[in-house]
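As written, the chains take the letters A, B, C and D, and residue 1 is the first residue of each chain.
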Amino acid sequence: MRNTIVSIIAIILGLIAGGILMLVIGSNPIEGYSYLFQGSLKNIERIGNTLATATPLVFTGLSVAFAFRTGLFNIGASGQMLIGGLLATAIGLTYDLSRPVLLLVMVLAGLIGGALWAFIPGLLKARFNVHEVVSTIMMNWIAYWTVYYVVPGYFKGDFLETESRKLPDSATLRTPFLSDMFDGSYINLGLFLAVIATIIIAFIINKTTLGYELKAVGFNRFAAEYAGMRVNRNIILSMLISGGLAGIGGVALYTGNASSIQIGILPTQGYDGIAVALLGANTPIGVFFAAILFGILYSGTGFMNAMTEIPPELANTIIAIIIYFAATSILIERFLRKFWKPASKEQDVVVPNVKKGESKDVDNH
Amino acid sequence: MWTIIEQIFPYAIIFTIPLLITALGGLFSERSGIVNIGLEGLMVIGAFSGALTIYYLQGVWSNHTMVLWAGLIMAALAGLLFSVLHAFASINLSANQIISGTAINLIATALTVFLARNITGSGNIRITSGFSPSDIPVLSSIPIIGDLFFTKTYPTTWFILLVLIISAFVLYKTKFGLRLRSCGEYPQAAEAAGVNVRRIRYSGVLISGAFSGLGGALIIVTYAGEFTGTVSGLGFLALASLIFGQWRPLGILAATFFFGFASTIANVSQVIPELAVFPPILLKTFPYIVTLIALVVFSKSSQAPKAAGETFDSGKR
Amino acid sequence: MSYVVEMLNIRKEFPGIVANDNISLSLRKGEIHALLGENGAGKSTLMGVLFGMYQPEKGVIKVDGKEVRITNPNVANRLGIGMVHQHFKLVDNFTVTENIILGSEPVKGMVLDIDSAAKKIAELSKHYGLNVDPHAKIEDISVGMQQRVEIMKMLYREAEVLIFDEPTAVLTPVEIKELMKIMKNLIKEGKSIIIITHKLKEIKAVADRCTVIRRGKSIGTVNVAEASEASLAEMMVGRHVSFKVDKKESTPSDVVLKIDGVSVKNNRKVLGVKDVSLEVKKGEILGIAGVDGNGQSELVEAITGLRKVEAGRIFLNGEEITNLPIKSRIQKGLGHIPEDRQKRGLVLDYTMESNMVLEVYNKQPFSKYGLLNMPAIRKYAKNILQNFDVRSGEGAASIARTLSGGNQQKAIIGRELELDPDLLIAVQPTRGLDVGSIEYIHRRLIEHRDKGKAVLLVSLELDEVLQLSDRIAIVNNGELVGEVKASETNENEVGLMMAGVGKERNV
Amino acid sequence: ACGSTGEQVTGDGEGKKADLRVGMVTDAGTIDDKSFNQGTWEGIKKAEDELGVTTKYLKPAGTTEAEYLKEIGNLYDADYKFIVAPGFKFETAIFQAQDRYEDAKFVILDGNPHSGDFKPVVKDNTVAVFFAEHESGFLAGVAAALEMKEGEAGFIGGMEIPAVQKFNWGFQQGLKYANENLDTNVSIKAENVIYQGSFDNTAAGGQIAAQMYDRGVKVIFTAAGGVGVGAINEAKTRAKGGEEVWIVGVDVDQYQDGIYEGDKSVILTSAMKKLDQVAFDMIQQELDGKFPGGETLTFDAKNDGIGLPEENPNLSDDTVSKVKEVYEKIKSDEIKVSGEQGDLLK
């Protein structure tokens, strides 16, 4: 609860700071924000696109948050997305299965691809204590170059060297019923997957013995070992889940929001996932809403730019400032505490574990 | 093959230097106990301020070299100032250092382009020309070594190497270094010994800011020549080199040079028939794969500062 | 009367608790002043306030009669106040000299003057009989030596007031004796000392006066000479405490743990346990006595599965467990109170309730089909915490980190006993506990034995080993030097054997 | 066509206020890329100055069809109904947009709207524009050969996309033509024709150029955005050190970018495609009610849509006049430059 309030205040402060920047460059913040939100929410199509923008971010946010909760820092979500997207695209371009089966296989392939890419850092961490920050960065670049050569090598279209063939409509996550409902927007089945993933991850973290174990390993691997948990296995498992999530994020991006995979690009959603996770306080539900917020901001920027003279970099600046405020949330907490001081003061006096009568029996000095 | 290495070497070194100084900055920060994943953003800040300074001064000041140095100084200053954000969050407010660093990266990339466009009217800032390399007299004629190390060298290279030596000295031989290292290992001990942990950590972070700023600007004044709003992952690579180099100055030198050399090879492999026999994917991924392997090999002796990344407040033991 | 330090009406609050409520303490020049109180009474906090680590909400501190504000340890240092913390504040990979000079480094030009510092340290060491090697790395030296480094740190800074927070909890009997001697030396040199300890014997042995606090409040200050151990204990807990452990003669039966020629490597990759064979039977407590670092930890880790066995075999209830994973050993009836409660015993960032099911979270009723059953966990945890009188700000929902060390320890012991293991390995079970808690824990260990279970007790406190054990095995340098019946031996004999003087195996 | 219309306008363009709102969506890279996006945008800005139209560019978050379409939609909703999209990557997005926003006009540069099957469908509200980059590259090749007389040349491309490939092939043909007809001897080796693989790796650009120069290459044609910038820097550094090395620029006149030591420049000449001109002309024609909707236009030598800069301080008069002759020959079909690889390198 407290976390939620803090995050919301951080968001508000970030928006205020953005407003001030708008004023500085001589624009009207109210107008700016009104266009920003119109841009992402004005009509059903735009809402659909906003949700589509948020979808991969839900996955990468969950990926980073899940790793965080288990004591790991996965900054390799970008690479895992690439590989997940690559495998899913490869399946989509190669096999001619009935649509439900094909999509299922593609999502699975994405999950496996991402998990595989995270498995290596997990293994290196568990077996050799290699810092996962370095290894995931390395894996990002290896993924980048793998896609760079595999796509033109095996999935190239007739004319273009820089991206794969376009997936047939039946092999994308877009479905007519959703597209029609949202007026031709890019919203796709990825969103449902994202909701499901959020619920599953929340469930795993909070309600299962697996979550209990993974968190224990994350907090104190020595205590976990003492209690008979298999520390190394858990580290690897954690990375697999984290990578799998990012992998599905790649599927959502390349076969949902797009229909082909381009080379030479490390998807920014991987790094944004860190910010999403942090703003969501590393809780799955928090991540989900943080991703939606990012979706709104990213998606509304274009319209704001189109309607006003506010430059596009401003949306990024606002997001950055929000993150900074989330990082410095302790200031906000202090402020809140001061604000609610009267209430908490009473609590302090009643010390729960001091029984009445005992506390004042002897007095001296 | 030898001529190829001779030819590549100076370029590998140019590429290494920004990485080196940035990783060295990261070293100061982490040794003081603050993880700084904002190196990338700080480099961007440095690249921006350096480019902007030079862009303006080149018109008014005729001494070209001085202009470039002024740009470097401004870059270091800007990086230093910007890193205060990270220091404040992670030291005064006990913020999660990863979050704060991420925020730094985001703010830096967004803000610099925003400013560049508002100040110069363009998101790219181009400088007319950077430093010129030269051969060191006498030394460059020494066989082998001369060709590798003393040919086509930039003054900035020697400057950064000097900074490296001074850094190693400061870290291991001075009062400040002792305190800095103690804050990264066990800040509670440092505090109990009367060391002002916050102040030391501030120094660590600010040094990392200044060094990364410098690193960013070095890219501009040596090989890039223009600011484009990104340093394309070099900050993260510096972070990796810091860990790869085991949080030691010489280790970092080796690690960054390895990256510099390997990526230069990978970059130029296309032009070199002798290298064209390898599948290009292998050449391009070579630096990263070798790093992973090297990390495994050196894994036994991790020298990570024990308290890096932990928030420190006096109450906690 | 001249006081070097006066703390008057100090109040310090933490969220949910008033750790110090109107406490006063005055320290005379040249005295050893003991500070006594139950676990969580607020002793460390009070000293933290004096040393500038916490800012009190209320109260006045005077040093040499002048009112001062000690805003941080630096100020304390400058006022001549030094502190040896319960958990040593030493940088592991620094040398002794580097640790000592940290914060007040001598320099020559710009360079650290390590050599002259080392020389000065060697001199000081000789003067006070501390015997420390200035060039050794902290991670390579014994705990006792580390403590002497801490003392040296204060002396190097010419502290006049020395605070010791539970200095003996981590020391061997021999080291404790040495420490006492050192303290007396210090007093002779005109220093003044505050010592926190739970060991009444030590208070009687060295302290001049003793201030007692209970649950954050002052109870009173007494002259130690006029008080008995029993009266001090009563002041502290508010009821009579019995020091004698009541126990019936044991009735050992089947062998529960059998160790057969086991050798184990230590952290330095050499054999730390050499060809040790032991048996522990149902209904008995086997104590292992030995000076710290003589292979006890390695042996325990080998039994519990935390460390690889190089040679030999281990049996639990007749079944070989030498290479079984930790989990199956726990399932087969092994309980373990670990040596380092913060490193191994608890997930400090988990709540107490989560910590109470650390080994059984995956068993019914705490989980079913991989799903946690929080109500059941909560109930189970509450029960343990209540039984063992674990005190914390927010009960079972408290984060483990916020509990005082003593209360953390009680919770761990409660957890392990609740498992009702066939073999309970208790390593330093009462380290840092107050006498009231010790009494209780001892009773529970004996109850466990009387239920027909086996207990392997490892303790550095000879008293405890002698009182609790039925049989005592003595280790020295990784080898078993002998085994004696507790009822037929005494402190002297065991002490000699600990020093390596062997004895025919009897029993 | 466009040369002539350009002249017509200049007279009455000043101070005129048109109510046309012109939008542009940038391709990969920024608006300040000193080539593709910037060239187009400069043309639009020129229209703003001279024709009084209102302008706006938007930068999509990425380079997927969804992102392009979103920005097109944003422009449309903000009432920018004349939309310029530079780059083949817009092909599928424009394909959809031309149906979805029937009352808007679209100009796609370097591409043809299609649904992903590469079967062009240019609706009445759309103009697809291609450039004869190969002709531009050809002229640059001839100029370089004439100026060098003999020696080695090289080519650094960015990514292997059609426009870049055509520059490359044209350049090679130009060299060959000069060697065969104009008495030069400038060769290009297979290893010196490369696509770096990105448009932003400045470091690699410099390093590759350095390798080529070290291996005896005298002039490098770069069609590679930021990679080219790296190469230009390397050339400047060498030129300052007294080496004789050259770069042939691309897309726009890059002479300024190559300046070192006062007024010298390493840019020998630039193989231009007149994006700015085309963007400007399209707006102009729309204002005149002559928007060539439904057409696929090719800008080449014939309509002066490509070429070398007017001013070429580094080319001798002789070279300039000879290139001019060649240019005329291309115009008159006497010289045919192929836009296909054929047996050319890469």
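Keep this in mind: a residue touches a chain if its C-beta (ideal position, glycine included) is under 8 Å from a C-beta of that chain, and two chains touch if they have at least 3 such contacts.
The structure presented is a predicted model; accordingly, all values stated were derived computationally and were not measured.
Note on connectivity: the fewest steps through touching chains from subunit C to subunit D is 2.
With respect to subunit B, maximal separation of chain centres occurs for C (centres as means of Cα atoms).
One inter-chain figure worth recording: subunit B and subunit D are separated by 36 Å, centre to centre, where each centre is the mean of the chain's CA atoms. The geometric centre of subunit A is 44 Å away from that of subunit C, both derived from CA atoms.
One simple way to say how far apart two chains are is to compare their mean CA positions; for subunit A and subunit D this gives 39 Å.
Among all residues of subunit C, none touch two or more other chains.
Touching two or more other chains at once are residues 113 of subunit B.
Multi-chain contact residues of subunit A, defined as those touching 2 or more other chains: 148. Applying the touch definition to every pair of chains gives A-B, A-C, A-D, B-C, B-D. By the touch criterion stated above, subunit B contacts subunit A in their complex at residues 37, 85, 88-89, 93-96, 98-100, 102-107, 109-111, 113-114, 117-118, 233, 236-237, 239-240, 243-244, 279-281, 284-285, 287-289, 291-292, 295-296, 299, 302, 304.
Across the complex, subunit B meets subunit C through its residues 173-175, 178-179, 181-182, 185-186, 188-196, 306, 314-317. Subunit C meets subunit B in the complex at residues 48, 51, 53-54, 72-74, 77-78, 83, 85, 87-94, 98-99, 101-105, 107, 110-112, 153, 401. Contact residues of subunit A toward subunit D in the complex are 39, 42, 45, 49, 52-53, 148, 152, 157-162, 166, 184, 186, 257-259, 262-265, 267-268, 298-299, 301-303, 305-307, 312. Residues of subunit D touching subunit A in their complex: 23, 56, 58-66, 69-71, 73-75, 77-78, 80, 88, 92, 100, 116, 118, 159-162, 197-198.
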